[in-house]
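Heads up, the next two complexes both have chain A, just with different partners, chain B and then chain C.
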Partner chain A sequence: MSLFGLRVSGWQLSTLFLAGLLLFIAFPATAQDKVPASPIMVPNPATDLWRAVRQREGAASGQTQVRGIETGVLIEQRGEAFREYRRRDFIGNAGIFIGVIAGLVLLFYILRGRINIPGGRSGRRIKRFADFERTLHWFTAIVFIFLALTGLTLLFGRFVVLPVFGAEAFGVIASACKEGHNLFGPLFIVAVVLLFIRFAWRNLPSRGDLTWLVKGGGIIGKAHVTAGFFNAGEKIWFWSVMVLGLAVSISGLVLIFPTLGQPRDIMQLALFVHGIAAVLFIAGSFGHIYIGTIGTEGSLESMTTGYVDENWAEAHHDRWHAETVAQAARGADRHASADTTGAVHATTDKA
Partner chain B sequence: MSFTAFVDGPFWYFSATVFVIGVLWRLVGMLNMGSKTDFSTPRSSGSAAALSINITRFFPRADFWSRIRLQVVAGYLFHVGLFALLFFAAPHIEFYREYVTGFGWVALPEWAFILVSEIAFLGLMLLILHRMLNPVTRAISDRGDYIGSILIFLVMLTGCLALARSHEVLRVTHFFLAELLLVYFPFSALIHTFTFPFSRGFMGAHYGRRGVKV
Partner chain C sequence: MANMKFYCDAERCIECNACVTACKNENEVPWGVNRRRVVTIKDGEPGERSLSVACMHCADAPCAAVCPVDCFYTTEDGVVLHDKDICIGCGYCFYACPFGAPQFPKAGAFASRGKMDKCTFCAGGPKETGSAEEHRMYGSNRLAEGKLPLCAEMCSTKALIAGDADVVSDIYRRRVVNRGASVLDWGVNYDKASLRAPQSVKGKASSDG
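Now for the complex of A and B:
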């Protein structure tokens, strides 16, 4: 083939054509840097349509063959508004609240320190909780901690876990947390019901509770405050567990079964109640865990061994201690009168 | 070889082989031990007592009920829940069809699958806690009891975390722990799954021949 007097083959011509094409594509880009083209405003023909679909003027439902809640609504603005509120306001405030409570507990520990058993340990132990009660307590505690960790991961994960571990790992963690949270949730309902059956009667208000509250339970200051098996603080925690447990349970069931036909408003309310109750629950548990472990000497063993030191009982639950000792003495009297050897059995451990 | 390929391939064959051979070895070994010939005239049939005790031991004695009701209730919750979960959960039936039997069977509906999982978890957690908190049970428990219980709990937990079946790593974790359990199974107290009828029968025959009501 001859081109401007030069003999060129077919592939040479093709290469030349491609090079020219590349130059044609490249040059306008550099040319644009030098001479800015005037922008041409092209209106999006779908803008008005989507604006109408978003229904800014109010909710509107169209016709559809699909049966179900809100199936006729293409875009629900209230859902977006709730999502924004949850992400921007709720999660931030929840994080601040939990952090402040944890800080306050830490500050209290620094200022007050551990409350030791007055007079030290006596060496004599009193039975406080039965095996079943301790099993039930730890079952509730384990399920609660699992739910708290998975729930907090779902709540704060996007802001805390995602930046650290990356999107792929966060996807795995979030999926696992969601499944685990949904499966362990009903176990917590069982735990709350069993706690109510087992402990409610001992947590009813009784004489001395108000005095205990007025004096701050003796934890503030040095004054001794009288109390029965459970003091007013423990009773408040118990009923808080019941109320918050009921709130997270009902709202959790609403959320876990979205196919039961509840409308969007109910789902959003359930999500809100679930979050608020769970955050209060977690914050409250900091105080419970603190007082039961490092805050008070001798408390934890009541839930690990079932026994407490007699001096601990006398210091923190003097009325219960007096009743237990009196009961043990009556038992000893009965043993003594029935026992032909005349030996008096120590029944304090079996009280 | 990737970890996933290892878990799905060689380690699966290894653990399944150890499980089958180990269980057979334990059973044959136990049955071959035999017992001393009893020359005394039996007061009642040992065989009948061996069969009878296998039924009666499913029910707690009324005298002990108040003390052992937690173990009994939790034990039934766990064992029945785990049995239903193992053999009637749809993902497990899929697994058996693909890896073991070549055929499947009717699976529990999703809601029942979740329900039996809850029941099994409830029972297992109560049993583990009872083992740790009850002074008598704690005294007669050894490390193997805790390892077996914790391993089963972890297998169940990872299975529950992988329920969405959206991430391969969760499935592989569950599968790997299940394979570890298969390897551990024959050499632990978990072998009672297969030996309990024989041990009950031995006790029943022993006492039955002496006229003890079992």
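Now for the complex of A and C:
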């Protein structure tokens, strides 16, 4: 076949036709664009002005004699987004999320049960946390639980607590929650800063963390995983506490002083960050509390007494255990070289 | 039952702020609280317009939707009110309101936010109607006395209208008919050349006028 003097085979032509058809289907607008548009170009300053007012564009913000936050703004259009976020997106989904995480933790407990110390308790105990560290942990925990309970009451109370106690009583409860939340909030910032100073160094990523993560921390199955003083899971929780703590602290400081004149969009953003970070924080705390209490035998006593069983240490933090034992041996050796009595040698052998 | 609404006619408002003053005086609102304010846009420029704004008593009020303690309610006259005994002063209503209506007096040792205060359409509050306590907490209850909000009642140019939505919209409709609100009226007195409307549309508008 010959086309414009070129020799074209039948399949080439059909391919060309098909490509043209596809192009036409993909861009049908190009065909319509040829029809000249005829907009009615009528200047209407009023329409433009009120549209600008509604959408807060350019010079739409005005002057007013009334002093206050954004008093010159006629219409704040972000308010509707804030309403939809809070009522449609946040409250319901936050409730579902917290419920699902609590359910998963429960399901895990039912399926896996408590993780016992392999080989049982040895009866020998090693020091794990100093008094200051334990005090700091429980200080953070108490403040956190208080803030979580008051915060959750303010978030879900209208739908959960109000129908039970009535609007008048819930008004008093909510008011107390708000005041308490504002009063104890700054203490949590202090706790997060102290946690960082005390624990950040030991939570830096180290060799073996990745392997620990790949093996799922040994929580599924019986495989033994190696770890130092803190395992990768604990490190992730620590840095989550830092990041989420920073988020709730900064947004909380913005929210706690509403009379400093922050514009509404800053407050909306702060509530957005504060709410989401807090819900993630609460959900994460479920996992932390579970593993630290009923999930693992012998874990809680590290934070109550400061000591752990040697077998627990060897099972969960073998490298830390080995270091501690080696250090104790070295200390005993030094002691032994200074003292020449046979009794000390016996202790060294034991260690 | 009536469905109470405010309307502010931007073609009439002269930014005298008398509505603001009348409201403050009638309702004896706390220091720093302004239930009504006049906003002037394009101040000192061509096309300057002023509007008096307060709570617009929305049919589907965003403040009521976001309130964590559900202290808002709508009266049978369509007026959005709130209960200060329940309000915790969290400010969420202020963040959701498009008109910036909710106001907060400073209270407490650290100048924190007190209970919210806003325009009540001069309809008092949930306390006993006409009681001293109602006036102290919520201001005047003119609606119970058969009167309309004072801001609108004393507006010198009748820019601010308050009342049943049907009546308000009827008044505004008549005004529009009388003074003409065709899009073509804008600028036609000043510069006919600036009018770029097709001839067909232009003919229709002039025959109507």
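Definition applied: the second predicted complex is superposed on the first by the 269 of 351 C-alpha atoms of A that agree within 3 Å, B and C clash if a C-alpha of one lies under 4 Å from a C-alpha of the other, contacts with A are read in each partner's own complex, and residues count from 1 in each chain.
Basically, a contact is a pair of C-beta atoms (placed from the backbone, for glycine too) under 8 Å apart; a residue touches a chain by one contact, two chains touch by 3 or more.
For clarity, every value in this text was computed on a predicted model and none was experimentally measured.
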{"item": "First (chain B), second (chain C), both or neither touched by A:195", "value": "neither"}
{"item": "Touching partner for A:139 - first (chain B), second (chain C), both, neither", "value": "first"}
{"item": "First (chain B), second (chain C), both or neither touched by A:178", "value": "both"}
{"item": "Contacts of A:131 with chain B and chain C, given as first, second, both or neither", "value": "first"}
{"item": "Per-residue contact with chain A, leading partner among chain C and chain B", "value": "C"}
{"item": "Contacts of A:254 with chain B and chain C, given as first, second, both or neither", "value": "neither"}
{"item": "Which superposed partner A:186 touches (first chain B, second chain C, both, neither)", "value": "first"}
{"item": "First, second, both or neither for A:328, with chain B first and chain C second", "value": "neither"}
{"item": "Doubly contacted residues of chain A, that is, touched by chain B and again by chain C", "value": "171, 175, 178"}
{"item": "Parts of chain A lying in touch with chain B, wherever the complex brings them together", "value": "131-132, 134-135, 138-139, 142-143, 171-172, 175-180, 183-184, 186-187, 190, 304, 306"}
{"item": "Touching residues (chain side chain A, partner chain C) in the complex", "value": "38, 40-47, 49, 53, 59-66, 68-77, 79-80, 82-83, 86-87, 154-155, 157-158, 162, 167-168, 170-171, 174-175, 178, 182, 258-259, 264, 267-268, 271"}
{"item": "Chain A-facing residues of chain C, complex", "value": "17, 20, 32, 34, 37-43, 45, 47, 49, 51, 53, 62, 65-71, 83, 85-92, 94-100, 103-104, 106, 111-113, 183-184, 186-187, 194-198, 201"}
{"item": "Residues on chain B engaged by chain A in the complex (per definition of touch)", "value": "70, 114, 117-118, 121-122, 125-126, 129-130, 133-134, 157, 160-164, 166-167, 169-170"}
